[in-house]
Each structure stands twice: as structure tokens, then as C-alpha cells.
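Structures follow.
After this come two complexes, each holding subunit A, first together with subunit B and then together with subunit C.
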Partner chain A sequence: MGATLAQQAVPRDTGVFEFLLDPDRWTGSTGILASGADSVLLCAAVIVTSIVLAVPAATVLAHGRRLELTSAWVVNIGRAMPTFGVAGLLVPFSLRAGYGFEPWPIFIALTLLTVPPMYLSTYTAIRQVPAGAVDAARAVGYTERDVLLRVELPLALRVIGTGVRVAAVQVVATEPIRAFLGGDGLGRYVRDGLGQNNSNLVIAGAILIGLLAASTGLLFAGLEWLLMPAGVRRLGGARTGRVQSSDATILTTDDGDGEAAGGPPGLHVASEPAEAGASSGGVRGSP
Partner chain B sequence: MSALVHAVDALRVPLPLAQGVTENNPIIRWSYLTEQSDRIIQALVQHVQLTVGAVSIGLALSMVLAGIGLRYRWTMGPITGTTAVLYTIPSVAFFGVLVPYTGSSATTALIPLVCFTLLILVTNIVDGFRAVPRPVKEAAEGMGLSPTSRVLTVELPIATPYIINGLRIATVTTVGLVTVAAIIGYGGLGRLILDGLRRGFWTPLTIGAALSILLAIVLDLAFFLLGRALTPWSRSVRTGRSGDHGEAGDDADAGSDPAGAARPVTAGA
Partner chain C sequence: MSDESPPALRLKGVRKRFPGANQDAVQALDLAIPRGAIVSLIGPSGCGKTTTLRMINRLIEPTGGRIELEGTDVTDVDATELRRGIGYVIQQVGLFPHRTIGANIGTVPRALGWDKRRIAERTDELVDLVGLERDMLPRYPDQLSGGQQQRVGVARALAADPPVLLMDEPFGAVDPIVRGRLQDELLALQERVHKTIVLVTHDLDEALKLSDRIALLNVGGVLEQFASPDELLRAPASSFVERFIGGGRSMRRLGLTTLAAVTPHRGSVVSVDATPQQARAAMDEFRTDWVGLTDDDDRFLGWVARASVADGVALDTLERHEPAATVTPDDTLATALETIMNSRTLVAVVREGERFLGVVTLEQIHAELGALRDAGDAAA
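So, the complex of A and B:
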């Protein structure tokens, strides 16, 4: 595979918006559309993989209140992984195995970045479902499976959705480092701009990356709303999210010292003022 | 600007095309560790400096922001919103955009790094002070403590686990982000990674990547131990059950309220 590395030469006196509004810049193999598609494809693959890996496992384990301590450790170790370092470390191995610079190292690194917070937010979302609702469901004869699928999951959906949205934005915000790892994607304009000492190109690239990250946040917010069961939506945030679902959820993990703090080990979501949840767009990762 | 030109010169060297791992170019050549130990140590030191610098400045700013937010409640929304937006800015874009203005300098590296810590720190500090139960505050007032000494001797210790936890997350995140600052020529261990990638020489790449991961893990562990050391009392607190919604709001202990959910938002304010 190898890196394409076709640099786009842009005259230094090209203005930022002159660049962005020139149709020729959008087409072709080094064009904005092709690079954007490159980025979107990788990000989509990472997000889907992470959801598949994290959400079902966390849901089932949280339902049984199992592996709480292990979960805390996994999340912790995952958070300590610098994405750029991990991806860089994987590059020679990928080359040795004949897979080239791209896309496996960055794919694996981004997935490692995303799975822990997604797992954590899902786990906590299920755990914070009011015990009364769960007990009531059991009392009217729901099987454990029904309790999970028809009570816990719908009530947790809002917080799970937030976790997925935050993680998705994080992936999109981190993906541009791929341009420095032998790949392309939207990060290429920043890389090329730095390489050609062309600050307008750097700024144009930064705008494109920022726009993609912002639209990812909006897209997932829309999806969250669409996928919310009507009944849960009617409840409003007040009762389903006993914890206001917010981006900060993921940032306030209380981990391994759960037992030290005297509580049930592991997971802790801090409450957060309602207004913060609405205004914040997403969360960045730890590349 | 010469520093910028220098940093940018390095970037002009294209990546080697699919150069593999060979006998001459193994994943790690151990002799490099002794031959280039100066360079490795220098990179490590710069990495630690940037991390400590960013988190310290971030902590100072966050204390002020959290203080304002707690004192004047209406400012909390804008403060959290702004820090969240800053946090969302893609790192590559943030570093890149500053180069035309501040050049390839420590400032260019520090501005994004500091901005990225704010949301984490502000959120955790605010949560910490909100976790102080009202009866505790009233008792402190009743005993005649001045507002300053109440904050310092009663509220701060209760908020400490939250603050340490925020510092821990912010530090680990920053260690990762510093490597990205290599793209502007100022990334500590990230420079070893980028240099290795550019030259297709795997040894510095492997060393830089491995040390950055190791540094993150070591600092994470250090804050975990610091948190334990600073709050010896928290280890003896009785465990509260997660289902006890009623009492959790009065529970001073962070860990015993796993969902944090039961704590009414107003209780701490």
C-alpha cells in the first residue's frame, strides 16, 4: 500500500478562502473531497468497530455488575495510551508484516483511544438506571434479558448516546495525525502547509479539520435524537438522565481507587450542570 | 523566524516509501540507547517540561475559572461551554494554526496543551467543591470559620480527591498530546517518533513511542498514589450502597456514590 504522499503544491500567496473556494482544490486525487472521504472512511470504520467492541460488552457486564474493578483498570490503561506513540510503534510492525504504513497502525491506535471511554460511559449509563425501575420490572415478571433490553437499555440510551458522540468527535479530532504517519486524509493540508512553509494552507487545513469535527458532533447529536425511543424522549432529560448526560461524564472517571475511597469500586460519573451538556460539542482525545 | 524555518525544513523530507524492517534497520537497535542517550534524555526532559508546564498553567487557570463559576452561578454555563469547545479543536489543527503567529516555539506548543486541560480540570474542581455536603458547610460556619478558612480547611480537603483525579486525567492526556506537538518541531519524545518516521529509521521511533507510553503510565500511577497519600481518611469510610438514593446526597465521600447521580446538582452549590 504505502503512502501516497503526493503533496499539494499551493502558491504561498493563495489566500485561505481563495484556496477553500477554488473548485479545483476540491476535486482530483489530492483534492479536499478525496482527502475528506479518506478521513471519513477511516473514522467511520474506527467508530463502528469501537461501538461493536465496547457497547454490548459493557451493557451485559454492567447489568450483572461484573468486572467493575477490571473495567476501571482497562479504562485507565486505555487512557494512558498516547495515540501518536501507539500508532508510531505499530508502523514498523505493520511494514514487517507487509501491510504498509496505512491504515492499520492508525486504525488500531484510534480504536484503542475510543473503546475505553465508550465502554466506561455505557457501563455507567446502565449502572445509573434507577434501582426502583429495575426492581419493578423484575417484580412484574420480566426476565433478566427483558430487564436489560426493555428497561435498562432504553433508560440508559441518552447517556450511551452521549458517550458515543463524544468518542466519535474524539476520533475525528485525532485522525489528522495520520498525515504525519505516512497517510493522507484531511490532515495532509496542515502537513503540506507546514512543509511548504505556507501558513495559509495550514490554516485552510485546520479549518477543514475543525469543520469535520464539528459536523461529526452535530451528526451524532442528530442520530441520538432520532434513535431515542419515543417514550424515553417524552420523559425528558430530567428523569432518564439522573446524571445529566454531558461530555464531561467521560472526563471524571474515578478509577482504581474506588475501593480506597470506600465506595463500590470503579466507576463514577460526576453530575454536571444541565447547561454544560447542551453547550459542549464534544471531547478530544489523547493522541 | 529562523527556528520556524529550521523546523519546517525537517518536514520537507518526505516519508520513505514502504521501507521495511531489515537487519540493518531493526525495530530497535539497542546500541542507540547508549550512543544517543543525550538526545533521548533531552527529548524526555522536554516532554516532561511541556507536560508539567501545561498542566500547571492549566491548573492555575482552572482554579480561577472554577472559582468564578462557583461564585457566580450564571457564568458556569459559558465557562464549561467555552472550555468544551476548546477541548474539541483537533490537535493537529490547533498546533498548526498557531505557527504563523507564534512561530515554532514553546509558546506554540503550550497554548493548545493548556487549552486542552481546562475542560478536564474545571469540571473536576467544580465537582469537587459541589461534593461538599451542605451540613458540613453549615457546621463549619456554625463553628465560626471565616469563609476563607472554611474553603481552605473544610471544602478543599473534601474536594481533593476530585482535583487529584482531574490532574491525573489532564496529565496523562497531555503526555499524549505533547507528542503531537512534534509537528511544529517541539514535541519532546514525539520528535523522536516523527524523526524515525521521516528517516524510516525505526529505533528512535520505537524508543520515542515506548517512552511516551511509559511516561503516561508512570505519571498515572504517581497521581494514583498521590491521591491515596493526600486523602488517608477516605480509606476508612464505610461503603455506601449504590441503591441508597436518599442518603447519597449527604455523603461526603466521592467514591461511595458511584453514579454521582443521586447527588442533586443543587446540594453542593
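So, the complex of A and C:
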């Protein structure tokens, strides 16, 4: 890797779509596909690393109700962390240690960006599991491990999934800054466009980055749906089962329950098709 | 329950101090809970009733003292094993929202490694026992009403047929009407399953209605009185107990006595085949202006006014009025009083199904209350 300095300038009169629809721009070592693969590879590495670092730790700590203050603290630090600054700061160290411009500085900076929100959403997800269910699980003789694996984790899965998805989208949307730190990836078109004073190229790059981020969101939403056990999938607002009971109060308490199971509303950043379908179903079902 | 058999559950000097607290939440509590009895723990907030309950299945570990379940110290048993042998019902029900009703009920049997057929059979049995429909089994908890969920909670607690059932304000989260029904169901259920039930409640009326014995705790887990509901009302052991029970002791005692326990009283009621003279004699005897008629099968036909009774006119040709107040022998004196007051009459007809058993009048209730009070004074 490393910036390809020998790239030819894109003529300024090339239109945005003319650029994007030209097959020659997609192929080759500096083509869109190669740059996209570069981005995807780095993002995947960051997301997987962040999940491994954040989710198990947050799950276990939240289960034991431990380090609550530390958790808030970590998250606040994370929020204040300037990713670009951190990456820039790491570059000289990386160079001195012989690791080059890429990919360690940007990898570390992006991981630092991702871990705190993932950690927070997982911690919150476990904590918002109905206390009664956890209490009852202990009372029927579940071991602590069973309480965590068979009650807390399944009931938190939805919110954890949302947290991972939001963080993943954030990684993909932030990753292009590597192009300004001696790297490539899809950010190169924005950088090159700025360098060549070619706004069409900047816009084309932005579109590509946006598409990748949006696809990431969709991909993770799909994964969530596939990996979720049936009993969990229907929770969190997705109420596929028709309310058959004669008791009409169920309909009135529906929203409240959905909220409780779906976690803090703030964490539902992207709205899912499943939710929309369910709420319209609810309207049909009410008398 | 017999006094000779050892108690199912015995607390000996049980103490709990939470970390960081400078006072015991429960200090030296002794309690013997008879087998097959419903015992309520009741008291003001901070009296340690829930703490005590949770120490029994070691959701909270006692700081000192001994808790014996069927003679065995609970701390000698593995907590997981212990809990599988004790049913537990909580206020928030605590059903697993991601599992079907069937899976919820089968939680403990599954943990115990029963085979699928046996679990399914047991689940069906329990659903019938707690009065739910079998077609609810594949549904999820949020598709049930609060009362139905609470029944599932009870079914789950009973799944492995534990001898002891702990209930922490089990009916606290449902509305009063459903609560009353669930209480009746619990009593009917207990008739069949004969569990040893320890119940935490803050509702005195619930404790009075459900319990064989009530343990009234003061702040810090001090046992103020451990007595039957009637004794608690009749002879409060301390001024604290008296204050806790508050006013309305007489009314509450009426609520503990069922009509079945009161001497039946035929009142001014005659057979429809009786003569007008006999009808008048009955009204005179009871100083009323109404006479009730029953048929050969002892069915109550209605009330007839004195003014319409005339010599030579058969009673069954007279205009009859449906009784405004009817009660059953299972109703309490308090219910009878309430029914009579609401009907704006002075008498309620006691019927079991179709069968006429007698009448209950305001005077009678008054007399019963006097008898209760006299018995109380004698005991005190």
C-alpha cells in the first residue's frame, strides 16, 4: 500500500457520473474496486477488533454491575477523541518504529473511535434487560453463566446489534481520512479531487464513501436479522405475532413493552424495515 | 397442618447486614413455618420481609443464623440445586420475554434434564392447573395480560413440584379485580397442591385472606407477632401491631368468617305449599313484612309481601319479588353485610347453586360480631 503518487490527474471537465460510470475507472490497481477493497479490509479489521475488545468486556462487566463509573468515563473520553488528530499523532511514531504510514496509525485511531460507543451500547443493553427476568433466572437455579448466556445476552442482543451496526457505519464513514495520512482507500478521490481542484472528483468520492457506508448499515441490519433467534427477533418493537388475547389492555401497553425490550430510544439510530412493518401491523390490529 | 410434625422451614436467629450498612436489615429472626401452610411476611418498608424471603433460597446470603429446609441447613446445599427445589414467584412476574409460555413453564424441568415428552406432559398439566388455555403455550409473554402472565409465573414455579413456594408480592402488579381473582385461585390451587408457601406482602387484607399464619415484622426484621389472622386481629401482641392493623378490626374479622361457619338460619321463609296462616306466623316470629317461599326442591322462589297474604288464597298465586341480595356459604360475613347494604334490604338469601340454605340478616351479623368480640375478650 502507500499513496500512489504516479496517478494521472482526472480532467476537470469529467462529470461526476461520467467518472463513476466509466468502467476503466473501476479496474486497475488505482481503480475504484481496488480502493474500495482497501477501505473494506481496513474497516473490517477495525470492526472485528472493536467487537472483540468491547462486547465481551462490556457484557461481563455489566452482568456483574461492575465499573459503572469507569464505563461512563471511558465513553466520555471516547467521545472527545479527535480521530484525525490521534491518527496524525501516531504517524511519526509509526514511521520511527519502521511501520510506515499505513496501516497502524489509522487502524489504532479508528479502533479508539469505535470501542467506546460499542462498549457503551453493550453495557447499556445488558443493564436494561428486565430485572425481573434476571432475578427469576437466578431463582430457578440458573448459574451466573446461564443467567448471562441464556437470559441477559439473548435479551440484549438486539440493542448490542444496533450498537455494532451504528459503530460500523461510523468506521466506514471515518475511514477515508486515511487518504490524508499517507494512505489510500476510497478517500483518495476526495483527496485527489481537492489536490487537483476538481470538485467533480470530490463529489464522486463522497458518493462512493456514502454508498459504502449505507451498504454497511444494510449488511449489518441483515446480519442482525439472520443471527437473531426467533424469540429475540420478535422483541424490540418487531411484533409479528397477532395479539389474540381478548384482553385489550395488551394493545395499550404495547409501546411501553416494546421500548423496554428495545432499549434506549437514542440507540435506535437507523430505523429498520422490521419495525415499520410491525407498527403498521399494530395499527391494523387495534380495535 | 399438624403441630407435631416438624416445620417444613425453620429460621433460627437469622441475621442479615448488607455491606456498608451500619444496621442489621434482619436481626435474629426465629420463625417456624409449618408444612402445607401459607405464611405471610408482612410489615412496613424496611422491615426486611423481602430480604428474609430471599435468604430462604439464598438469593441473599444470610450474615448469621441458620435456615433449615426439611431439617437441612440451606447453606449446606449447592445454591443452584437448592433453588431448583424451591418455587419462586415475584411481583414483576419475571417471565423470559424471548421464550414461549411453554418454554417458560418448562424452565426448571429442562434444567433438571427431563426428557421432552415428560416436560410437555407436565406443561400441559400445569397450564390446566393454573387455569390457562393450552393454546397459549406457543405464545410469548407480552401477548398475555398481566393476570395471565402471573398465572404462568405460578405454573413455572410449580413445574418441578417443589414442596416450598416463595412468593414476593405476587399480586402487587395487577389491578384489584384481577388481584382478588388470583388470590381466590391461589387458595383453590393450594387445596390441591398443599405446598408450604411463604408470601411477602404489604397488603394486610391479602395476608388476612390468604394466610394460615401471619408474621408481622417491624423495621430491622423484628418479629412483632406470629399468629393466625384471627388471633392477630383479636389479640394484637403490641401497640405496634395494633397501629399496623389500624382501624376496622371488626370489619376485618367479619371478613375472616364465612357464612358456612355461622349457624344456618331459616328466617321468615316457608314452603310454597304452606298455608297463609303459617306464612303469617313466620313473619310474626321474625317481625318482618315479607315472607320467602321455597319449592319442594328447596329452591328459593321469591319474597311475598305481608299485605298480599290473604286467607284462602294459595301462596303460589301471589306476586313474588326476586331476592335483591343473595350470597353463598363461601362468602364472608363482610361480603354479606356489604351485599345487604347495597341492596337496601335487611336480609340476604344464602344459596348454594340453586339450593336455599337460609337467610342472613343484619341483626345476625351484629350478633356474630358481638360473639367474636366476646371470644376475643375472653382470650385476651
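Basically, the second predicted complex is superposed on the first by the 227 of 287 C-alpha atoms of A that agree within 3 Å, B and C clash if a C-alpha of one lies under 4 Å from a C-alpha of the other, contacts with A are read in each partner's own complex, and residues count from 1 in each chain.
In this text, a contact is a pair of C-beta atoms (placed from the backbone, for glycine too) under 8 Å apart; a residue touches a chain by one contact, two chains touch by 3 or more.
Fair warning: this is a prediction, and the values are worked out from it, not measured in the lab.
J.: Touch test for A:L155: subunit B only (first), subunit C only (second), both, or neither?
T.: A:L155 contacts subunit C only, not subunit B.
J.: After the superposition on A, what does A:R234 contact: first (subunit B), second (subunit C), both or neither?
T.: second
J.: Touching A:A131 in the superposition: subunit B (first), subunit C (second), both, neither?
T.: Both partners.
J.: In the superposed model, which partner reaches more residues of subunit A, subunit B or subunit C?
T.: For subunit A, the partner with the higher number of touched residues is B.
J.: In the overlaid three-chain picture, which partner chain does A:V55 touch, first (subunit B) or second (subunit C), both, or neither?
T.: Neither subunit B nor subunit C is touched by A:V55.
J.: With the two structures laid over each other on chain A, which partner does A:L194 touch: subunit B (first), subunit C (second), both, or neither?
T.: A:L194: touches subunit B, not subunit C.
J.: Looking at the overlay, what does A:Y142 touch: subunit B (first), subunit C (second), both, or neither?
T.: A:Y142: touches subunit C, not subunit B.
J.: Can you list the residues of subunit A that meet both subunit B and subunit C?
T.: In subunit A, positions 130-131, 243-244, 247, 254, 257, 261 sit in both the subunit B and subunit C interfaces.
J.: Over in the complex, which subunit A residues touch subunit B? Could you list them?
T.: My answer: residues 1-3, 5, 7, 76-77, 79-86, 88-89, 91-93, 95-96, 98, 100-101, 124, 127-128, 130-131, 169, 172-174, 176-177, 179-182, 187, 190-191, 193-197, 199, 202-203, 205-207, 209-210, 213-214, 217, 242-244, 247-248, 251-264, 266-276, 279-287.
J.: Quick one: in the complex, what on subunit B touches subunit A?
T.: So the residues of subunit B in touch with subunit A come to 4-5, 8, 11-12, 14-15, 17-21, 27, 76-78, 80-81, 84-85, 87-94, 96-97, 99-100, 116, 119-120, 123-124, 127, 130, 161-162, 165-166, 169, 172-177, 179-180, 182-184, 189-190, 193-194, 196-197, 202, 205-206, 208-210, 212-213, 216-217, 220, 224, 227-228, 231, 234-243, 245, 253-263, 265.
J.: Spell out the residues on subunit A that touch subunit C in their complex, using ranges where they run on.
T.: 130-143, 151, 154-155, 229, 231-232, 234-235, 239, 241, 243-245, 247, 249-250, 254, 257, 261
J.: Inside the complex, what are the residues of subunit C that reach subunit A?
T.: Subunit C reaches subunit A through residues 57, 59, 79-84, 86, 88, 90-100, 103, 107-108, 111, 139-140, 142-146, 148, 153, 156, 166.
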